[in-house]
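Supplied in structure tokens, the structure appears directly below.
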Amino acid sequence: SQYQYVKNFERENFLLPETYIVVRVDGRGFHRFSKFYNFEKPNDVRALNVINKAAEGVFRSVQDIFMAYGDSDEYSFAFDRSSNLFERREAKLVSTVVSTFTAHYISAWASQFDEPLKPEHLPTFDGRAVCYPNLKVLRDYFAWRQVDCHINNLYNTTFWTLVLKGGLSTQEAEQRLCGTLSSDKNEILFSEFGINYNNESEMFKKGTTIVWEEPLVGTGQSGEEPSARQVQRMAKKRSKIALQLLHVDIIRDQFWGRFGPNLA
Amino acid sequence: SQYQYVKNFERENFLLPETYIVVRVDGRGFHRFSKFYNFEKPNDVRALNVINKAAEGVFRSVQDIFMAYGDSDEYSFAFDRSSNLFERREAKLVSTVVSTFTAHYISAWASQFDEPLKPEHLPTFDGRAVCYPNLKVLRDYFAWRQVDCHINNLYNTTFWTLVLKGGLSTQEAEQRLCGTLSSDKNEILFSEFGINYNNESEMFKKGTTIVWEEPLVGTGQSGEEPSARQVQRMAKKRSKIALQLLHVDIIRDQFWGRFGPNLA
Amino acid sequence: SQYQYVKNFERENFLLPETYIVVRVDGRGFHRFSKFYNFEKPNDVRALNVINKAAEGVFRSVQDIFMAYGDSDEYSFAFDRSSNLFERREAKLVSTVVSTFTAHYISAWASQFDEPLKPEHLPTFDGRAVCYPNLKVLRDYFAWRQVDCHINNLYNTTFWTLVLKGGLSTQEAEQRLCGTLSSDKNEILFSEFGINYNNESEMFKKGTTIVWEEPLVGTGQSGEEPSARQVQRMAKKRSKIALQLLHVDIIRDQFWGRFGPNLA
Amino acid sequence: SQYQYVKNFERENFLLPETYIVVRVDGRGFHRFSKFYNFEKPNDVRALNVINKAAEGVFRSVQDIFMAYGDSDEYSFAFDRSSNLFERREAKLVSTVVSTFTAHYISAWASQFDEPLKPEHLPTFDGRAVCYPNLKVLRDYFAWRQVDCHINNLYNTTFWTLVLKGGLSTQEAEQRLCGTLSSDKNEILFSEFGINYNNESEMFKKGTTIVWEEPLVGTGQSGEEPSARQVQRMAKKRSKIALQLLHVDIIRDQFWGRFGPNLA
């Protein structure tokens, strides 16, 4: 029609080829959301189960992802360096991941929570795509997220122990922890509450890393845009291969030796 | 941490100030999705009710939207020219709208469909943001979408009438309509099936336009980033003001005189 | 060749249609450059003549420019809202303007300066493109530059009068002017040196604005990419139409009524 | 001033960190330009000397360049992967290189050509920046340019030999070469004109590669924005270190082993 020219105002951002695309999603206002649905403090296993299922949903239904990592209300998905999904169009990639993540989060909710979601308090997520040009910076990206998980979890664990077991008000706990080092928090937990932080759940301390059980040969890693038929076949294949949910150190070399991207 | 430098790889796209931002979402693979859940052909009122509720959800929970228009599996949201939502960061805007839309779509499903959503067949949407620098091109944008709705609906109505009432196979119907003009399709409907296209449901022919019942003074139209407090107050205000769902011509001047953006 | 794929790494930024593109160039390190070639202080007429010729060169050889404004070591060029020059590719536009400007600056040098340019001290310019979505912000852009010209010129005039006629050191002059208002500077000039700032050269006070002598109908304003032949014909036409160099107020309405872009 | 808000319409494109930035400049309309100044065919040594000097000028005055390659009317400059020049702002980088290149081209002209440049026929260049995320694609980039040089030069050499020595019209020469392979062109040169293409000038066949005579330790390769003082000191240092102009194969490993970027 005479109006079609308005489509020319669309601007695409094609993400730089041969870089690792990472899409990170993060819960919007989960401070409030977690309060509203009475998440356990500092970590609610049900909530983590839900978000892990959401991540699995993305992993299975969006092509070319080789690794995901998440904790708290966030998840990061790393795409093959050679992925040409949606021609690497940024808005398509981000919106598809965010929408798929949201859908699966809601879909998985009832399996973990008795209280159903209320229309005025639905979980939503923002998303962004970032390019990392080589494996070193990609590894540093995941290290950044895992260190963040560790720092937050140690803080939250100590904070809520002080409040729930130590009887401090939240303000008092905050003040108590102000300026403390990691070693101080470990010490508080151990000497005052007999808690050895090392014995806490690995999922809480390390977050969750998702990888394929076996390498996904020929299911979307190629550079060419696959046909609709191929996409469906690959989707089916992906739906059958098992995923591994790990709670391990992803900073050190060992993980990357086993699960890192094929660099050929 | 030593890894924080990786955050510097994030690139923001700040959408040009003083332009109308339009975010359009579109169902991913709704051809298959509508088949799987047995949508009525050519238009399923339940499905349109669900998508309209999803749009209402976005309208109410995302600031600075003054108008939305949708049909089939898509919806477009227009933001105030002066909006400074998320500092006009593209990925934030797109991902927030898409996630909120997806969440409300799923949330509204059960009110219209008996069959619950299956985890392997969840509704998901892609999204994009486009800037329109003046009211003329913005109007042309919405005209483009409404003309598209009209063309598709006339085609689909005639196609499915030929199939469902005329006994043609889908291939035969396709061939029959190949190369026909609008007038031809109107004629087929009228002379062969006694259907006057003008009497079809306005929602099918015109799509759905959403506007505020009363102008939203002081609830987010200003250029400054509002405080968390203000955001909440405005959200509350927005949740009380009624929305209008219209099925009207949005190409001609009349609509824009009444509901167009305040140009002061 | 097998290497051609590297061209796919090029990213184009297509500037938003229907907005006024402004390209601003600014001398790199002209503080040093003006010292090296002993520019007169605060304003060197020869240098302004050279930069004005450079701007004329751009005006004539780059299509779709309807207005330029410059002072000191900078110039801004405004393109027709509907220009489709280089498909509105940012790097092409900026680099072409900057290169043409640099070439003409050097070419015009000898007509104004006896001392030839030295290879170790050549004039160079940076450049950038900015989109302005409507006439109000475009006018505000030029107002911004003209106010800047005024502020700098009043400061520089007073500063160098204090130094050259008042015998102050540059440090003393700086301190003397620290915190002064426009009115204070006018007063210093008048009461201490008998200089009425209003009587200073209009070129110094207002900068230089370039417009076509007569409207350029059919010489590049259309949306379509013109043929090589047309481009040449238009270039010839442009080379014959006279340019006006004005030293006038471009903030008030009067200028825009006469020389503003055709809004049809 | 009240108008300063217009600066917020400027959009920066920060080029992805840890990638090799290549800026390529190319003469605008050099088909015409070379005709106007009667360049020798197919290769004018004077013109190549001028463009090589222009490249040297850029190499010396713009920081963080470790390699340049050029032929015909184009030159490519590769920046250190870790360069933070202009915070990696695209428009600054491109415009600075293009302006500096243009200035030095004009400045060097008189040393090679008797006929001075005419104001209506000045040399100008466009420019663009491209990011290459690893050494493989960077090498492929330069291979692409050198293969292009070879193909063009073999064609042009044969074409102009057919015209100038073989007495063909340009149209006849074009037809004669239509569809021919490299081997055919070599054969024509050899059997019809006794010319062994291998004996042609290396500069024509291989183009020109510029590298530093000795590694530039501590003169701008670091990530931090250097102080004005440091920049000047480095500039001085750069002005003293010799440059090497090579006419060698840059596709094979040997070159990169000796002159490739420090990957530490």
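Chains: A, B, C and D, in written order; residue numbering restarts at 1 for each.
Definition applied: contacts are C-beta pairs under 8 Å (C-beta built on N, C-alpha and C of every residue); 3 or more make two chains touch, one makes a residue touch a chain.
It should be emphasised that the depicted structure is a prediction, and the values quoted were computed from it without experimental measurement.
In summary, the chains found to touch both chain A and chain B are C, D.
Of all chains, the one whose CA centroid is most distant from that of chain D is B. Homomeric contact chain B/chain C is classed as same-residue, with over half of its interface positions used by both copies. In terms of C-beta pairs in contact, the better-connected of the chain pairs B-D and C-D is C-D. Separating the CA-averaged centres of chain B and chain D is a span of 50 Å. Spacing of chain B relative to chain C, judged by their CA centroids, is 45 angstrom. Averaging C-alpha coordinates per chain places the centre of chain C 29 Å away from that of chain D.
Residue positions 9, 11, 13, 16-18, 131, 137 of chain D each touch two or more of the other chains. On the side of chain D, the complex with chain B involves touching residues 8-9, 11, 13-14, 16-18.
In the complex of the two chains, the chain A residues touching chain D come out as 16-19, 131, 133-134, 137.
By the touch criterion given at the top, residues 1, 3-7, 9-11, 13, 25, 28, 57, 61, 90-92, 94-96, 98-104, 106-108, 117, 119-120, 122-132, 137, 140-141, 143-144, 147-148, 151, 239 of chain A touch chain B in their complex.
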